[in-house]
Amino acid sequence: MATDRIATVAPVPEAAATGKVAAVYADIKATKNITFVPNMWRVLATNPDHLELVWTRLKAIMHPEASGRTSPLDPLTRELIALAVSATNGCSYCVNSHTAAARKLGLGVEALGEVMAVIALFNSTNAIADGYQIEPDILPPQE
Amino acid sequence: MATDRIATVAPVPEAAATGKVAAVYADIKATKNITFVPNMWRVLATNPDHLELVWTRLKAIMHPEASGRTSPLDPLTRELIALAVSATNGCSYCVNSHTAAARKLGLGVEALGEVMAVIALFNSTNAIADGYQIEPDILPPQE
Amino acid sequence: MATDRIATVAPVPEAAATGKVAAVYADIKATKNITFVPNMWRVLATNPDHLELVWTRLKAIMHPEASGRTSPLDPLTRELIALAVSATNGCSYCVNSHTAAARKLGLGVEALGEVMAVIALFNSTNAIADGYQIEPDILPPQE
Amino acid sequence: MATDRIATVAPVPEAAATGKVAAVYADIKATKNITFVPNMWRVLATNPDHLELVWTRLKAIMHPEASGRTSPLDPLTRELIALAVSATNGCSYCVNSHTAAARKLGLGVEALGEVMAVIALFNSTNAIADGYQIEPDILPPQE
Amino acid sequence: MATDRIATVAPVPEAAATGKVAAVYADIKATKNITFVPNMWRVLATNPDHLELVWTRLKAIMHPEASGRTSPLDPLTRELIALAVSATNGCSYCVNSHTAAARKLGLGVEALGEVMAVIALFNSTNAIADGYQIEPDILPPQE
Amino acid sequence: MATDRIATVAPVPEAAATGKVAAVYADIKATKNITFVPNMWRVLATNPDHLELVWTRLKAIMHPEASGRTSPLDPLTRELIALAVSATNGCSYCVNSHTAAARKLGLGVEALGEVMAVIALFNSTNAIADGYQIEPDILPPQE
């Protein structure tokens, strides 16, 4: 759109990015193999240090191989955890973004329904456990 | 312990269970292959209809094979989604219970750290997306 | 609208419903005495098992007489509890839906203000109790 | 107990209360017809202005008759809304306190189970509505 | 717009305000030095007692000098605390309103980024502390 | 205590720390000028990469000078934002830790009461804004 204004701050357009911001934008597009910089990052770019802090952390956790790390979790499992957090918090941007990512990784609509079933079930039992103040059954497992 | 009192209500001891409660207790132990009835269910048993409603739903979603269903999600993935919900809500009983279940399914301590890393990361970005009121990038994927 | 697209999945139109989905749709309209299937259920229908699990549970709790149960709570009290949960979680769909239901059951605008006053007050004292980590006064009442 | 230390601040003991704090303590005991000042108020007393602000607001909303107001909500309904908020937020102090108040007003253990069923159900559907980003069905009712 | 309808209730227009509502509207505009009555207050006016309770409390805490009080917190710090609460709860109206207020008090876009960095960081560590059920290090400081 | 067991995992004792963990432990103690490693970090050390990611981010945001950055926010303001987030989420560990840090920076008990008053007020108005689905008054301020 013409104004390029969203959110409570004006995002930094790709054409206006320089220095640290331009470098992070380029790394985001290369690492995620996408052709545009999502709104989240263009908004974060209004504070370049914070942009870099969030991106390097997300890259290490969600793109471990690109950060020289290995992860016991596969990419779809990571997205499903992200979706569970986002649905529980009721974050619109995040639900849209992680649903899209999970679908891109092959999650079908019916399987998404199973994910929602698990998310919904445990938001329910969380309310029961807190609503009755139920105490733990057992000592937590430790090594 | 002697008093068998926890939570805001007195749980129904296994020895005192009859009818619908006794049937659900037996099904819980058989389906989960455990030798005791966890506090959650003993507290829910103070309202037998609610006990049955929660148990049949949890059984269908978390033990699909025992309910004649199939699920595209494996048991560990389901527990990790449950843990993500519980950590986000800050529910002690639930965090303890789903951590124990995930550990029993083979999740190691370092892998649990990767799960926590994903949970923590997206609680962080959820606050950023909501805190800046960032609008969705794209229309959600649909069939 | 033409596209019938809402949410992150395309809802199942009434005209396209068959089998389990058609049966649940019919039961929703009959039990709630409404002439359309709300978005919530049409979205859940993308996973028929989950649709049925949520509907049978909601029917048992919110329409107990239609499920052969009795409830000590009247319908308006149940809707006010639902509204309290939804306002606390900040769920738009749910606030709209439960406000409409409570209004239909006779709640006036000024009375809705009293409900909001109670909801707002205790979200406030919850933050105080947690923010100071205040310990319980007394042992919970038990039988 | 001997130390009179709870929470992140030391509560103001009744014997040490003077001026505004003593007046509020007396009004709390008279209005609620109790013989001690609950921890919440003794902690709030570390800032007398805030103690007074919270108390006068709670008195107006929860004890309307003592404030020269009338309320369309009965005392038990108000406590159930408070409990719904507290269970959803997972606030221990608040769950204990509002459960005790509801029990004192006559709510039985099985009826508490119906309340928990409603609270749990809608924490579940809230997660579904937010997790799928379901849009409202209808325009909200207005006068 | 023509209809003056927002939210789940129709707000009370300034032209229609009488008695207690008109008095609070006037005090809001004078105390905040603004020329219109924000939606929040016009919606609350559907229950005049609640309008007055919320306004007198907000005035005492956020405009202490106008209430004959002094506060150790400066106005910007108070708005940043409000923004932290609102971002954590994901409340759109509140994020927009407190961001606007903080900007008006001189907070620049890059400084807003530092605020978001702190908010995001601790939503992250909160999930870690709750997700691992980490116990307090030390007894809380008390006088 | 003797067992050194807390949380759902066994924390890594200082005496057992090597490599990356030992380096982070040393940096925490030096940067924060403390003589022990808090539980949060000893638990995170069960996954050394995550320990390092969280610490380097927290150091950059909360100890900017030690990271070669400057911040427009003073240390106490940062702790108050952290406390607002933690009280809103109801995170015990975090409330205790940030209250202790704010007290160490000079916040008195009565001033803490003002902070709690602001936190409590806006948890209240957040519930009102979401509970009535109030729409924004104005377009957000942008540059």
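Structural remarks
Letters A, B, C, D, E and F mark the chains as written, and numbering starts fresh at 1 in each.
Note that in this section a residue touches a chain if its C-beta (ideal position, glycine included) is under 8 Å from a C-beta of that chain, and two chains touch if they have at least 3 such contacts.
Everything numeric in this text was worked out from a predicted model, so none of it was measured.
Among the remaining chains, those touching subunit C and also subunit F are A, B, D, E.
Of all chains, E has its CA centroid at the greatest distance from the CA centroid of subunit B.
Across the assembly, the mean Cα position most removed from that of subunit D is the one of A.
Set side by side, the interfaces C-E and B-E show unequal numbers of C-beta pairs in contact, with more at B-E. Bringing subunit A onto subunit C by least-squares fit of CA atoms involves turning it by 120°, to the nearest 5. If you average the Cα atoms of subunit D and of subunit F, the two centres end up 28 Å apart.
The centroid of the Cα atoms in subunit C and the matching centroid in subunit D are 22 Å apart. Shared interface positions of subunit F, defined as residues touching 2 or more other chains, are 7-10, 44, 49-50, 53-54, 57, 61, 85-86, 88-92, 95-96, 99, 109-110, 114, 116-117, 119-121, 123-128, 130, 132-133, 140-141, 143.
Because contacts link each chain to all the remaining chains, their graph is best described as complete. Residues of subunit A that touch subunit E in their complex: 8-10, 44, 46-47, 49-50, 53-54, 85, 89-91, 140. The residues of subunit F lying in touch with subunit D in their complex are 90, 95-96, 99, 109-110, 112-114, 116-117, 120, 127, 133. Put simply, subunit F touches subunit E in their complex at residues 6-9, 36, 38-40, 43-44, 54, 57-58, 61-62, 71-73, 77-78, 80-82, 84-86, 88-89, 91-94, 96-100, 103-104, 108-111, 114-115, 117-119, 121-126, 128-130, 132-138, 140-141, 143. Within the complex formed with subunit F, the subunit C residues making contact are 83, 86-88, 90, 92, 95-96, 116, 119-121, 123-128, 130-133. By the touch rule above, subunit E contacts subunit D in their complex via residues 5, 7-10, 49-50, 53, 57, 60-61, 69, 140-143.
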